[in-house]
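Structure provided below as structure tokens; questions to follow.
Letters are used for the chains, namely A, B, C and D, taken in the order the chains are written, and counting of residues starts over at 1 for each.
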Amino acid sequence: MEDIDAIVRTTQEFVRSEVLPIDDEHDGDVAAAGGDDLRVVLQAKAREAGILAPHGPVDCGGLGLSMQERAPVFEAAGYSIFGPMAINVNAPDEGNIHMLDHIASAAQRQRFLLPLVQGEVRSAFAMTEPAPGAGSDPSALATRATKVDGGWVISGRKHFITGADGAGFFIIMARTSGEPGSAGGATMFLSAADAPGLEVGRHLGTMDLGMIGGHCEVLLNEVFVPDHDVLGGVDEGFRYAQVRLGPARMTHVMRWTGAALRAHETAVRYVAEREAFGSCLADLGMVQQMVADNEIDLAATRALLLEACRALDAGGRASKETSIAKTFAAEALHRVVDRATQMCGGLGVTRDLPVAKIARELRPFRIYDGPSEVHRWSIAKRAVRAITAVQA
Amino acid sequence: MEDIDAIVRTTQEFVRSEVLPIDDEHDGDVAAAGGDDLRVVLQAKAREAGILAPHGPVDCGGLGLSMQERAPVFEAAGYSIFGPMAINVNAPDEGNIHMLDHIASAAQRQRFLLPLVQGEVRSAFAMTEPAPGAGSDPSALATRATKVDGGWVISGRKHFITGADGAGFFIIMARTSGEPGSAGGATMFLSAADAPGLEVGRHLGTMDLGMIGGHCEVLLNEVFVPDHDVLGGVDEGFRYAQVRLGPARMTHVMRWTGAALRAHETAVRYVAEREAFGSCLADLGMVQQMVADNEIDLAATRALLLEACRALDAGGRASKETSIAKTFAAEALHRVVDRATQMCGGLGVTRDLPVAKIARELRPFRIYDGPSEVHRWSIAKRAVRAITAVQA
Amino acid sequence: MEDIDAIVRTTQEFVRSEVLPIDDEHDGDVAAAGGDDLRVVLQAKAREAGILAPHGPVDCGGLGLSMQERAPVFEAAGYSIFGPMAINVNAPDEGNIHMLDHIASAAQRQRFLLPLVQGEVRSAFAMTEPAPGAGSDPSALATRATKVDGGWVISGRKHFITGADGAGFFIIMARTSGEPGSAGGATMFLSAADAPGLEVGRHLGTMDLGMIGGHCEVLLNEVFVPDHDVLGGVDEGFRYAQVRLGPARMTHVMRWTGAALRAHETAVRYVAEREAFGSCLADLGMVQQMVADNEIDLAATRALLLEACRALDAGGRASKETSIAKTFAAEALHRVVDRATQMCGGLGVTRDLPVAKIARELRPFRIYDGPSEVHRWSIAKRAVRAITAVQA
Amino acid sequence: MEDIDAIVRTTQEFVRSEVLPIDDEHDGDVAAAGGDDLRVVLQAKAREAGILAPHGPVDCGGLGLSMQERAPVFEAAGYSIFGPMAINVNAPDEGNIHMLDHIASAAQRQRFLLPLVQGEVRSAFAMTEPAPGAGSDPSALATRATKVDGGWVISGRKHFITGADGAGFFIIMARTSGEPGSAGGATMFLSAADAPGLEVGRHLGTMDLGMIGGHCEVLLNEVFVPDHDVLGGVDEGFRYAQVRLGPARMTHVMRWTGAALRAHETAVRYVAEREAFGSCLADLGMVQQMVADNEIDLAATRALLLEACRALDAGGRASKETSIAKTFAAEALHRVVDRATQMCGGLGVTRDLPVAKIARELRPFRIYDGPSEVHRWSIAKRAVRAITAVQA
């Protein structure tokens, strides 16, 4: 645990000295700040500081942290919009590292996982599709892979593919049995970005600007994937997606907790200095209520996160725990940043403080990785089953 | 009333055909869309359609609508971010027209009010100051006007001056007696934008991009204002500010109701078309709850607005009614747009739909024109006085 | 309007001097306070004061007030839990008077409506049934009336029949065509309470104790109703129920606004007198926030109520307006009373103040007369239809 | 941990078979159900089942559970309103046991603690005073103890003294130095209930009916306490009160979580069985949202509780953690029960289901043990200090 504390402290210092100034100068717009050029520079410094890929497997050069150990480190990184990229714990690479570590073959591990952990390449996870394909409802998966000699041919359309622009390789989820709307079977495929037929389309103009490579459309026009680049078992894709999603949700929560914390601390410092109506703002009851509610929301987010991490570290799927923690966190952290904005008054909606930027980046989290409504639906279904199974 | 209905319909048609396409093409960024060049083009079309300055006094070419009559017209204009500018009912001009109509001398009416109503010029209202000056607490007013021969000399610093960049003239509020923190006296001054010593500084980089002329810093370095450009009585400024604020708050509510309505209608159309989990989204209970809550929030906003407009039209200050309506509306309309975002899923946070843009423009309204906390404070003080004055 | 003001003032004075002391002595428990004996005494005094049945038709001795005119009068009555009973504007009599006034025959008017308006008798409205019968979903109506010579024979089971215990007559809603679950047809029947086969069963032990006659089960075992006691047309019952429900919802809102106002005023007086942490509680920001939020909720409730009353007075069904006003009011008034409880601290949950009592009486209003969820469902359905009907 | 699981299971079974039937028969009114007679009977059964006083020190016959271990046991007890009394973990005895275990002398331990753990006697904690004495603000303590030969003489007035009626002894907090409003010093005194001058006054008529001995006024008229019944050090009372309060708050949370869980499970079973509008209620989205929000609120309550228990078990005062957990829990559990009421429709506000009863018992928890507003104030003060202490 002392080790973790040291990693956290190093990460905090690194983020404050190396990352925040660039983040603030460019208002959290990663493309404007240099994109992959910036990433390479920052990751080199993180490597030097010994904090690159703290979650990566040890044999690939990572620190091999458990989920519980990641929590404070990722939160420290998330304090800057560019922090997670800087230490290589950004989505989707972070989740892809997790999944590859669990199911990649030895050869795939060498070709795909190793350079990913070391920051030599970025990756993307091509699952989500435009309507009527797979969005919140994965069973609607429409992209199809057809078996041919020596491999598979994939065709379909993806969108909201985070980090696609500039990614070195893609993990593509495609239907290998059944029809859209049926459960059927899906499979994960590995493909270099320059594979013929794979085309990164337009960036969706999302309000968030901090994810390197953006959120893009990806067109798959008869992309050939050789058998040895099938990731894991054929028709096991839906299960793998679930395995990836639980931890991926939790690391999102870790990172966004850091961002929300920065907004909160900014606001608290502001109200502690600013006077109005003859008082320091921090002494006014309505302001204190916002400060306290932020503290409560942050504490509850972390407490739920840790429960979920414990369950994941214990080897469970933890679908209930991660759904609850994700749903609560996305809404609670949004409230934290909204109150921080309000506490900062007029300055809270300008670039002079980092609060509006954080609000802009955070808003989509209530939709990305499963909208709150879909999580609530699955939480409720599970609860009704569990409670009615027990005799009253 | 038939007349009003006709004006509303004309405004709706005008906004949809002439304004929305430009708004959407430029994602509500008025500078990117052409700034004053765009304004001139759109106002010419509005003039032709007979809906320019519907609130302006009749002798200046306006339609002379009462507050109650303005409500549906301004809402129709607010359906587009650029709509209020197009028909010349934008802040701060709209509030300045209102104030000038009440207190300008005949000569001032000719020189300042007439061209403002006719869209020949824009104006700004220079009241707010950076800390520790007048923000939420007007009594902190620090800008000072000193009497000299034939006029006044004003020095001070203002910020968040909406529309300053490109304004033809300013209404400047400055202290003419007392000290910051005391009530003392303030006076309103009229000054051409090119007066020596008046300098428009940097734009505050606000999240909202739809207000023409932005929100700027304004430096006043010994600006001379001749006696005949004093607006109303000396030392009457605090009272005039209150007179201006009540109606100005309500017209904000009108415009933002239109914007929120567009977000709501966009979302309802989206959920009515989109399918998931085997249903149309509009048939899912959690979606219906969001639709219903939006309807309730919109209805309550309009009902409170109309109560306040009635009170204003009856000649009252209506401080209670306008504070309540403004506070409720700013929060309710924010909820409407936030739910609309959520209903639209991933597309809700992109430029593909107008929802994220409206959310961005609307957020500051909970802070501008008095943060909710300051309004609540004054509502509570008034309620305690009123209730304890009556014998239990 | 002066007349109305005078009626309001008289009602306020009457409630404070004659009703509140008894209400408080018995903690709002009408049975403990004397039940119908109390009612007779109080109604005699109200008659003397000229405020009995202000909504009753003039030819029956009422004041014939419109919906808009009723609002402030009923609110004044609702200031005490027993106030509406005292001036004879309690549910269900009030709604029954409304319905009888619209559809009773001349003979029915004489036999049923006249004594009801004059307080000589109470009535009940027997619509709701235990599962799987008609609850929130009226089409599930299971009580059946069968045509026989000279009349109808009704059998079925009702529950939550307000005022049943001690009612002089019942309006019974029974299916006269179709099957439960189908729309089919229902009919309204008038029946004296002592009709053979009509049995008032147990009181449901509801948390609210203020409704005279309680909320009871009613068993209908081959109750004969002669043809001349059919109320309105055969198979028109569903339509009549809707006609009754809109105004009945709004008068509930009026009465509960009065009750919530009393809780609010009690709390404001408490915080204005009580000191802690060196301040008067009313000067603390978190308390001011509660005071302000109560003022906002009360103002919005009244504003929505008036919109709905205007629509009803104009002759419309006003389903949208009354659904919105009822749903908002039930939740907003609950918040008002909950905040009032919180402001009063420990005393707020005791009988020493009337706040806990009001909370107990008010809670069911979010369920009675259509739970919020059912209203939201219908508000959403209507909104989706309206918005998608218009071309985008 | 297996041991704890076994204790939890035994407690669950005991509560369901022995306690719930009596609780439900008497609608949670402990006086109506037999008061101390009932307590003696149930505690004898709990003793037999080996689950009496699981938190009591082992040398007194308790099971010596840590805070973390208590959490699931107390939650299981709290499933019935009478459950905590039945296994002797009720407030205020439970907190008094905790405090006596920490600071009682050996003789006091024998005379007061031992019989308390074994259920031979009940106790009360006399701290709270009517205005202007010690309520939320302990420094206002007005009850005064004066040194005399061989002991102290105490005079003052207390109220909201839980369990006073029938208590065998009191822990009295009185000022031994300084003046009301100053910090000064307070001391804890032990006194038999039959000490001359100690008089239990009226019960405050609180809405909750489940606490044995009620919430009473206590008059102290020159009550003599010998020196050997001073509890702990003179002038150490404020510190001891804090030591008692942290854990006492958390055990309240444990118990109320059990009560809220029962309401939730009752509602889930109801919606899983009840049909309307052609669906099982549990399949309707708005119902699912309530089910999910309850699950989230319960999970977050437990997660925050465990964080606080960990901090307490580690030996800290844990003021921040317990304030946050108490504030969140009191509000979250209230929401859980309110949603449960709503889910059960009409039956939810009757005695036919246990939900309304639980709502009535739970409401005061947002006020007892520090109103949410006071906790928020202290959370905010602490946060501002902590954040501004660090260099930005």
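Just so it is clear, a residue touches a chain if its C-beta (ideal position, glycine included) is under 8 Å from a C-beta of that chain, and two chains touch if they have at least 3 such contacts.
None of these values were measured; they are calculated from a predicted model.
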Per mean C-alpha coordinates, the chain lying farthest from subunit D is B
Can you check which chain pair, B-C or A-C, has more C-beta pairs in contact? B-C
Which integer distance in Å separates the CA centroid of subunit B from that of subunit C? 41
What is the distance in Å between the mean C-alpha positions of subunit A and subunit C? 52
By the touch definition above, subunit B meets two or more other chains at residues 284-289, 373, 376-377
Going by the contact rule set out above, which residues of subunit D touch subunit C in the complex? 27, 128, 131-132, 135-137, 140, 159-160, 181, 204-208, 274-278, 284, 286-287, 341-342, 345-346, 348-352, 356, 359-360, 363-364, 366-368, 371-373, 376-377
Would you tell me which residues of subunit A are touching subunit D in their complex? 264-265, 268-269, 271-272, 282, 285, 287-289, 291-296, 299-300, 303-304, 306-307, 321, 324, 327-328, 373, 375-377, 379-381, 383-384, 387-388, 392
For the complex, which residues does subunit A have touching subunit C? 284-289
